[in-house]
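All chains are identified by letter, namely A, B and C, in their written order; residue positions are counted from 1 within each chain.
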């Protein structure tokens, strides 16, 4: 489903070397992966490279059979419309209602496929998704009128409404209280069980990743220093990985 | 009907509020400037940031402005075969009107908008409150030096701009209309007086003052993050343009 | 990375920026032409661009009309003393040069800043990325309606601005130099080529302003600071584009159809 090969990306700061230095990974269809690492290690950047929003300096990026770097803009857009992305800061369209925000991907899909827009179908699907995130009464509100947790749920709804086969979540619990975090991860788990979509989550919250992602990747110093089951992180040979997994203050980090 | 009146009324009140705020700021700034109570280092820093950095855009603007004025004067000149008047027509218009207005508008965009954005971001990131917490008054520290720097910078930029516009005009006059440098220069030499240049400079300085006050006023009143800063810059630039046009009118009538 | 001297880096930077600008222009124009946009959005853009700038353009052009007429009367009375031609010359000048150009300078400020601020905030809050993830081409989606609206409004507002300047200029001539209105409002000298030049300029400005300010908006980076800088750049570059286009079209007109 997702194949990355020797991906290199330059740091924005010209005095520093690569922020991503030769990343290679393979994610199979239906897998659920977590991506973690210390702050500013390039996790979000890697996610954006996988969905074609950012281009690396070198390397190979292939998603669902399409080479993102060599594809035409139209082909890239098609692949992007088959992914669901939950942005760290939600990125809700602030001039549209909650309903319109969630309906947007469905409308665009119809436009891209050149089929007629079936309002009834869209309405049904959006309401179903809103019920899933428990926000149906707020359908006509504007994003600015919602709380942080509610906005996150709307963003999640927008990411999953078109039932995409590939889902990418960027820090789904950032800045949320423990109860809301648990509810969000519960929603993610239910979505996963329902559709079986390939899922990639970026999160620094290892405890929350524990129940959700059987496979974890860790990014540090531009390289993937760990790729395997979550449970084995604390016993890794790599001191960095051990320190991160245990949350120790002492160590190389 | 009453709704129309109500909206007109509230618009007028809003206008008064803005103008009132700006007048107060102007008064306070002038008073502090005359008393010499402002931060010298910020003044020098602003002079560089606003003056030196604006030189390229002002020079380019002036070049094309000179060219356009030559073309516009050129039509009259061609029709009446009065090539001897090309120099005078162009230079008079550039020094008195077109120079101050266009360079003023570019200055408003380059420096005014920048200033509003700068101050707006400082407000949004709580830096202005931070200054107050250190018991540094924002207006003498931030605003007065910038206002003075803008007026000083505009003065120099206008002189530079006038020079470039005239030289550019001469070049384009030769290129497009076949009027050689000597006759261009001859036609301005006796007809153009120092007063023409002075009128332009006075206008420029007034414009700079207006730009400074509007950008400071809107910059300091920003609310609401990134969108608020964008809106403040928008409002500042529009207000400055409006005031420039109106004051140009008044100054032209007064400064014959 | 090639860390060669600063000059090559600047060269690369400008070349990359120019290419991006051309790409945005291409996508915007194509998008406007194909116009698969919902009608509601287009109307909203017309309102945004046109309605809010209307009074602004009328006032600024009116005042400047007064100034110009005053200035011309002053100049002419020093040279020939004959003020009978002031009206006809002024109106001609207004139609092919001053009306469209000054309107555009005002639009560059109002509309340019507005477009850059809106698009810039969307970039900074990742809404543009979100659009891409929903399968939308952001340049086409965001800029095409604004492009079309600005293009139309540039022409429409130029007409109204010109009228405002003519009327208020006549007022100024009447009040200060006692030129009768009948003598001032003389449309004889306005030829078709003058109207054509003015129209071409208004179109060129109306096309350039949204593309340039959209370009500045899309290149925003860095949070609320970034939006401020983007807005600033948009106003400067749009205004400058108007000045350069004015010069180019005037020169072209002078050398070809002699109306300039």
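Here, contacts are C-beta pairs under 8 Å (C-beta built on N, C-alpha and C of every residue); 3 or more make two chains touch, one makes a residue touch a chain.
Predicted model only: the values in this text are computed from it and were never measured.
The count of contacting C-beta pairs peaks for the chain pair B-C.
With chains reduced to the mean position of their C-alpha atoms, the one farthest from chain A is B. Of all chains displayed, C has the C-alpha centre closest to the centre of the whole protein C-alpha set.
If you average the Cα atoms of chain A and of chain B, the two centres end up 48 Å apart. Separation between the centroids of chain A and chain C, computed from CA atoms only, is 42 Å. Taking each chain's centre as the mean of its C-alpha atoms, chain B lies 19 Å from chain C.
With touch defined as above, residues shared between interfaces to two or more other chains in chain C number as follows: 125. Residues 10, 14, 48, 51-53, 57, 73, 77-78, 80-81, 83-85, 87, 89, 91-94, 104-105, 108-109, 111-112, 158 of chain A are the ones that touch chain C when the two sit in their complex. Against chain B, the residues of chain C that register as touching in their complex are 56, 59-60, 63-64, 66-68, 70-71, 74-75, 79, 89, 93, 97, 105-106, 108-110, 113-114, 116-118, 120-121, 124-125, 176, 223-232, 235-236, 239-240, 243-244, 246-247, 250-251, 254-255, 259-260. On chain C, the positions that touch chain A within their shared complex are 1, 3, 36, 125-127, 129-137.
Within the complex, the chain B residues that touch chain C are 57, 60-61, 64-65, 67-68, 71-72, 74-76, 85, 92-93, 96-97, 101-102, 105-106, 108-110, 113-114, 116-118, 120-121, 124-125, 172, 176, 225-234, 237-238, 241-242, 245-246, 248-249, 252-253, 256.
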